[in-house]
Amino acid sequence: MSDYTITIGTFIAIQAIVACGLNVIVGYAGQISLGHAAFFGIGAYSSALLTTAGGLSFWSALPLVLFITGFIGLVLGLPSLRLKEDFLAITTIGINFIVVSVFLYVPFFGGALGIGGIPRVILFGERLRGTPFLFLCLAFLAAVQLASWLFTRSWSGLACFALREDESAASSMGVSPVRFKLAAFILGTAMAGLGGALYAHFMRFISATDFGFPMSVMILSMVVLGGMGTLWGPVLGALVLGMLPEVFRPLTEYRMFLYAALLLLMIRFQPGGLLGESSFARQIFSRLKGGNQE
Amino acid sequence: MQLFLEQMLNGLAIGAIYALITLGLALVYGILRILHVAHAAIYTVGAYAGLAIFSSTHSLALAVIGSMLFCAFLGVLIERFVYYPLLKFPPYVPLIGSIACLLAIEELCRMVAGPYILSFPAELPFPSFTIGGIVISSTLSAVYGISAGVLLLLWIITTKTELGLAMRATSQDMAIASSMGINSHWIISVTFMIGSAVAAIAGILVGIYYNQVYPTMGAVPAYKTLALIVVGGLGSVPGAVLAAVLLGVAETLLIGYAGIPLPRDALAFIAMIAVLLWRPQGLLGGRR
Amino acid sequence: MRGLRVSMVALLLLSFFVGVAVAAETVKIGMLAPLTGFAAADGASALNSVRIAVDQVNSKGGILGKKVQLVVYDDRADAKEAVALAYKLIEQDKISAFVAGSYSLPSRAVAPIFQEEKIPLVAAYAIHPDVTKAGEYCFRNGFLGTVEGKAAAYTAHKLLHAKTVALLTSDNDFGRTLVQGFKMYADKYGKDMKIVYEQTYPFTEKDFKPYLSKIKEANPDVIFASGYYFQTGPLLKQARELGIKSKILGEEGADSPKLAEIAGEAAEGFYIVTNFDRDDPRPVVQNFLKEYRKRFKIEPDMVGASAYDGFMIIVDAMQKTKTVSNSTAIRMAISKTTNYDGLTGIIKGFTHIGEVVKPVQVQVVKNGLFRRFGVVDDPELIRP
Amino acid sequence: MTEILLSLREVSMHFGGLKALDKVSFDLCNGEILGLIGPNGAGKTTCFNTVSGVYRPTSGEIRFGGIRTDGLPPHRMAALGIGRTFQIVRPFPNLSVLDNVIVAMGLPCYRGIIPSCGSWKRQTTRDGAMGLLSKVGLVSLASQKAGLLPLGNLRRLELARALALNPRLLLLDESFSGLRHEEIAMQEELVRKTRESGISILLIEHNMRVAMGLSDRLVVLDHGLKLAEGSPEEIRKNPEVIQAYLGKGGNSNAA
Amino acid sequence: MLLDVQDLHIAYRDIEAVHGASFSVEEGELVSIIGANGAGKSSILNSLMGLVPPRSGIIRFRGEDISRIPSHVRARMGIRIVPERARVFPRLTVRENLRIGLYGIHEPAKEKERLAWLYELFPILEERGSQDAVTLSGGEQQQLAIARALVSDPKLLLVDEVSMGLMPKLVDQVFEVLQHLNRERGLTILLVEQNALASLEISSRCYVLETGRIQFEGASGVMRDDPRIREAYLGL
C-alpha cells in the first residue's frame, strides 16, 4: 500500500470514528447536532496542548482528552434538554462557530497560528507513522465500533432508542430523558474527541479552520448517507464521502462541483441513507435473498 | 458624539444589508420550516447575474430586474426539486440537501465566472448628504434607500395585498388556508420567488457596495442569517429584520466604538444563545 | 443514476490512461494549489504563472534535454487533502521537486513529508515560519511576515516620513507576524514614529468603517493596513469616503490587479510592500508580463510571480548540478543560489534555514496600475 | 379494609387563564378500578397528566402510596409503580414489538449507572417479555416492527409495556377508543385480569359502555370541576351527568 | 343530491379510523353525524374537505367525484369548513381572517353585503375587527371560524364539533345561528357533533357513527327518543 492510500485511509478511519460518535447522538438518541466538528476540535486541541505544553505522552493524555471532550459534550448537550428541532439545530451550529472562534481568538490556543510540533504517537518504543499509524486508527475504529455495539446492547442504549422513538412514552417507562440524552452526548463527543486526538497526532499541527462548520456538515452527511442509527452506516458513509473527492481528483476544477451535486442527488433520492430503511442497497439485498415482503 | 453617530450610521447600513439577506430566509422558514442555507447561494447568483447583465447592457435597472427574475426562478427550482420532496423527513435531511446546493452553486459560479473577484463598477444613483458635519455618502444613502424601499414594498405586499394575506395564512396554518381556497403549494413557490428576488437585490447591492462579486461571497451570510432568524423568533419576518439591524449596529459599536476586538462572526451566535436563554421564542416570535 | 455510474467509470478509465500516456522521459515537478474553494483565485494565478514557466523551459529544450512535466493537484487550501496529495505526488507521480503553490496551512502540513522523503520544496507565497523549519530541503521564495513587516515599517518611517501610524491588521498568521515585524523595526529604529492605533479585524471582514472612524479620530500620517486585496480594496474606498487623508500602506496580499478594480479612484496613491516590481526593466520580468497578459487577458500578480520563481529556482538548480534525480545535489544547489535573476528581483540567496534574501519592493498605484515607488534592500532588514 | 393508594386533594391546573382542573379531589383504593369520565374538554386528560407527572399541578396535592408525588417527572412516577397507556398510541415505531416491551422491563436498570450498562439481550429478559406478550396475545407478532401494527394490537402492546413495569397502579388513557367491538371485548377481558392480579386501575374512557361495565366507581368531570362521584348506577341516574353528556335538550327524557 | 359519499375508508399511516362510511346530503338539508369521541367524525369531515386523503371510497359533490382533487379546488367549488377548535389564523386580525375566506373571490359589492350581514349576525367580530384572532376568547374564535366559512357564500358548510369547549349558553347561540342559516338562507350544512341532543334538535336527519362505522340513521325527530343513541353515548 502506498503512503497516499494510507493517508487517505487514515483520514477515512479518523472521520469514521468521529462519525460513529455523531451516530450515537443523532442516530441512537435522536438528538440533532450540527456542531460535531467542535468536539472533534476540542479533542484535537486538548490532546495537542497536553502533549506539547503539558508534556504528556499521547497515551497518558488520551484519558484526559476523552474526559475533557466528554465533559464539554455534557455541558454543551444541556441545550438539547430544553430546545427542540430547529432551535437545537441552529444552536449546535452556533456552538460550532463559537468554539472555533475561541480557538482562533484566545492566545492560549495558538490563535490564528494554530498549534504545531505535536509529537507522534509512540507505541512499544516505536514512533508511529504510515501503516502502523493507520492500523492504530483502525484499531481505535474497531474499539469505537465495539463500544457502539455494546452501547446498542446495553440498557442505556435501549433507553436512548426509546427516547429517540418517543420521549413521553419512554419517560413513562422510567427512562430519564435528561440522564440518557446526556449519556449519549458524553459517549458521542468522547468518540469525537478520540478522533480529534488521532487527527492532531497524525497532522502534527492543527488550526481552528480544520474544525469549522463545513466539517460538521461533512460528518453529518457521512452519518445520514451511510444510514443513521445503523452500526455500519457511519463507516460506510465515511468511506464513500472520503473516497469520492479522490475519485473525482482527475477532474481538478470540476471535482468539488461534482461532489456537491452527487451529495445533493444522494440526499434527494436516498434520504434514508445507503444502509437505511428502503434504501437501494436494502432493496437489492432483499431481492437477492428472494424476500417477497411487498 | 460625532464618532458615535457615524458608527451608528455604519451599523445601520450593515444591519440593512443583513436584513435584506435574512428576509428571504425568514420568509421561507416561516412557510416551510426549512433552514434554507442555499439562500446564500441565490444571493451570490443574484450578484453574478446582475453583473453579467450590467456588463452587457450597462443598465442597472435591467440588471436588477433580470437578476431578480433569474433568482426567483432558481429559488423555485430548489424548492420544487430539493425541499418539497424532502419535507416529510427530519429537518436535517433538507438541511444537508440545502448545504449541498450551496456548495454546488458556489462551485458552478466559480466554473462559469472564474475564481477571481469581479468588480461591479456601477454607480448607484443616490445623492450624498452632509448633516451636522456627518457625511452620508451616496453608497450609504443607496443602502438605506434601497433597503428601506424593499422593506416597505415587502411590508405592503404582505399586509395590504391578497397574496400577502394568503402567504401569512399559509405560514400559520397550511391545511386550513388551503381549505379556504388558497393553493398553498403555489403560495410556497411565490414565497420562494419573493425571497429569492430580494436576495438578488441584496447580492447586487453588496456587490456594488463593496465593489466585489466572488463565488464564496455567500459563505458568511449563509450561517449568520440562521442565527438572525432565531434571534428574531423563528418564522417572524419583522423579528428577523429587527434582529439583523440590531446585530449590524451592535457589531459596529462593539468593534468600532467600544474598541472591543470581538470575533465578529461568532457575535451573532453568542447573541443568539443569550436570546435563547432569555426569551426562547425570539425577539418578536410568538408561542407556537 | 445509471448514466452517472457509467460516466464515473469512464472518467476513472480516462484518468488512468492519461496517467500512462505521459510516462516517457520527463522531469516531473509537483505542485499543489487551491484550484477550488475560497482560495481558488490565488490557485489559478499560481498555476497560470507556473504553466508559463514550464512552457518557457520546454521551448528552450527542457532540462538537460528532458521535457519538464508539471503535476498539479487541487488541495482546496485544506491541510488534510494536501497531506494525501503529497504522498500521491511522491509515490505515484515520482516527482523530483515540489513547488508549494498554496496557503500556509497546507504547505505547512506537507513540508515535513517532503523533508522526510528528501525532495526539495520551494514555497511560493506561504508565509508561516514552520514551512522552512521542517528541514534543509524546504525553501521559501516569499517573504517571512517579519521581514515584510520590517520593510513596511521602514517604508512608512523613511520613505513616507510618518510621525504617527495606525496598524489595522488582518487576523491571520500573516497579519500577526507582519505586525510583529513592524514593531521590531519601530522599537529599534523608529523611536520618532508613534503607533497611535492598533486593531485586528477578522478574515471575513468587509466593512471597515467602524475601524476607520476610530482611525480618523487618531488622524495618523500613515495607515498600515494589512490584508488581501478583497479586504484592502473596500478599505481604501471606505477610507476615502470617510474623508481620511492619511497615506495608506498595504502588503503583498493586496498585490493584485483586482485591487484597483475594486477600489477604483480610491486606489490611487496606495502603497504596498511586495516582491514583484512591474517596472523592472530586466527581460525576465517584461517577457513574463507580456506573455501572461497575452495568454490570460489579465494582469499578473505577486502570487503568480512568486510561484514562477519557485519553479524556476528548482529548474536553475537542476541545470547547474546537471541532475534531475539527485535530490541532495539539487538541494545543495538551491541553497547556494546567489544573485539569481528572478522574476521577483535579484535573489541574493537563501539563509541556512531556507528563507529567501532579496529586496522588498515598494509599489504605488498610479492610474490603476502598480508602479515602482522604491526598494528596501538594507541587508539589516531583509535578512530574516 | 381497603387502603387508599392514590389521593388527589384540591388539585388545580391552570393554563394561562384557562382552568383545566379546578380543585379536584378524589381517592383511589387498592385493587379498585376507578373510571374518570366526562365530556370532551372536561379536564380528564389534564387530570391524568398531573397524576402521571407530565404536568406539575398549579396547586393541590397528589399522594401515591402515601408519598407526595405532585411535581415528580414521569420517569420517577414509573419507578414508584405507576404504569400508563396513551390516548393516541405511542409505540416505539422502529423497535420490534418485543423490544417495545423490553424497554419497560429495564425499569430497575435505568436508575443506576452500572446496571444501565448491562445488556438487555438476555434470555431471561426475553422470556419475561414474551410472557407478557403471550398474556396480551401478541406472541406471533413479537419480531414485527411496532410501527406497522394496527391500532388494536398497539393498544394491547401498550398494556403489555405498562405491565412490564410491575406497576401498582395502571393508568389507562382511552385505551379502548378506535377499537372494533371484538377488540374492545378482548381488551376488557385483559383489564379485568390485570385487576385480578392485584393492580389498581385508573381509566379515562369515552366509551360509556366500557367505563360503566369495568369501573367499580366513577368520577365525572365537567369543565374542570368534579361533577359527581359514585357507582355506575348512581352516575347513570345523575341528571347533571346526563345533561353534561347529551346537552341541554336531554333533561326531559332522563331515564 | 349535493353530497354523496360511498364506502369511505380513512387511515392514518396503518391505522384505519373510518371503515366504510356511506351517507348523503341533499341540497338545503341540515344533516348531523353524531357519535362519541374517537368514532371518526372529524376524520370524515376532514377528508370531505380534502385535508386527509381517503384510503378508498368515492366522494361526489354535485355529481362529480372530488375524492382526489386538492383541498383548495374543493373550496373554490363551494365547500367550506368550520374546523374543530376553530383554527382561526392566530396572528391575522379578525378582519384579515374574514378576508381569507374571500380569497380568490372578486365581487366587491357582494362582499360588502355579506360582511355587513355577518357583522349583524356576530356583532362582536366587527367590534374586534382589528385585533389579532389569537386574542379572542374561545367562543369568539368559534364565531369567527363560522363567519370565515360563510363569507364566501358556500354551497355546503361542514361544521366540526362546534360546541366543543364552549359555554352552554354559547352553544345554544351557535346552534341557533346554524339553524337560522339553514332555514332562512337555505344553506346546506353537514354537522359533526358530540353534543347529540342539541344537534338532533336542529338537524333534519342524522347518522350515528360508532367506532368508524355508521351504525344507523334516521330523521332527527324520531332519533331523539331512540334508546340506541343513549346506548351509544352512555353505554346503557
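All chains are identified by letter, namely A, B, C, D and E, in their written order; residue positions are counted from 1 within each chain.
Simple rule for what comes next: a contact is a pair of C-beta atoms (placed from the backbone, for glycine too) under 8 Å apart; a residue touches a chain by one contact, two chains touch by 3 or more.
Nothing here was measured: the structure is a model prediction, and the numbers come from that model.
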Statement: Listing by label each chain that touches chain C and chain D gives A
Touch-network distance, chain D to chain E, counted in steps: 1
Query: How big is the gap, in whole Å, between where the Cα atoms of chain C centre and where those of chain E centre?
result: 75
- request: Between chain B and chain D, tell me the centre distance in angstrom, where each centre is the average of that chain's C-alpha atoms.
  value: 50
Separation of mean Cα positions, chain E and chain B [Å, integer]: 42
Message: Two or more other chains touching the same residue: where does that happen in chain B?
response: 107, 110, 261, 263, 265
- line: By the touch definition above, chain C meets two or more other chains at residues 35-37, 40
Task: Let me know each pair of chains that touch one another.
output: A-B, A-C, A-D, B-C, B-E, D-E
- request: Would you mind writing out the residues of chain C in touch with chain A in their complex?
  value: 1, 4, 8, 11-12, 14-15, 18, 35-37, 40, 72-74, 76, 79-81, 83-85, 87-88, 90-92, 105, 108-109, 112, 128, 130, 171-173, 175-176
Query: Any idea which chain B residues touch chain A in the complex?
result: 29, 33, 35, 81-82, 85-86, 89-93, 95-97, 99-101, 103-104, 107-108, 110-111, 223, 226-227, 229-230, 234, 261, 263, 265-266, 269-270, 272-273, 276, 280
Touch list for chain E against partner chain D, complex: 13-17, 36-38, 40, 161, 163-165, 168, 171-172, 194-201, 211-212, 224-225, 227, 230-231, 233-236
Complex contacts: residues of chain A adjacent to chain D: 150, 153-159, 161-162, 165-166, 168-177, 179-180, 183
Field: Footprint of chain B on chain C - complex, ascending
entry: 35-38, 40-41, 43-44, 199-202, 204-207, 209-211, 213-214, 217, 229-230, 233-234, 237, 241-243, 258, 261-264, 298
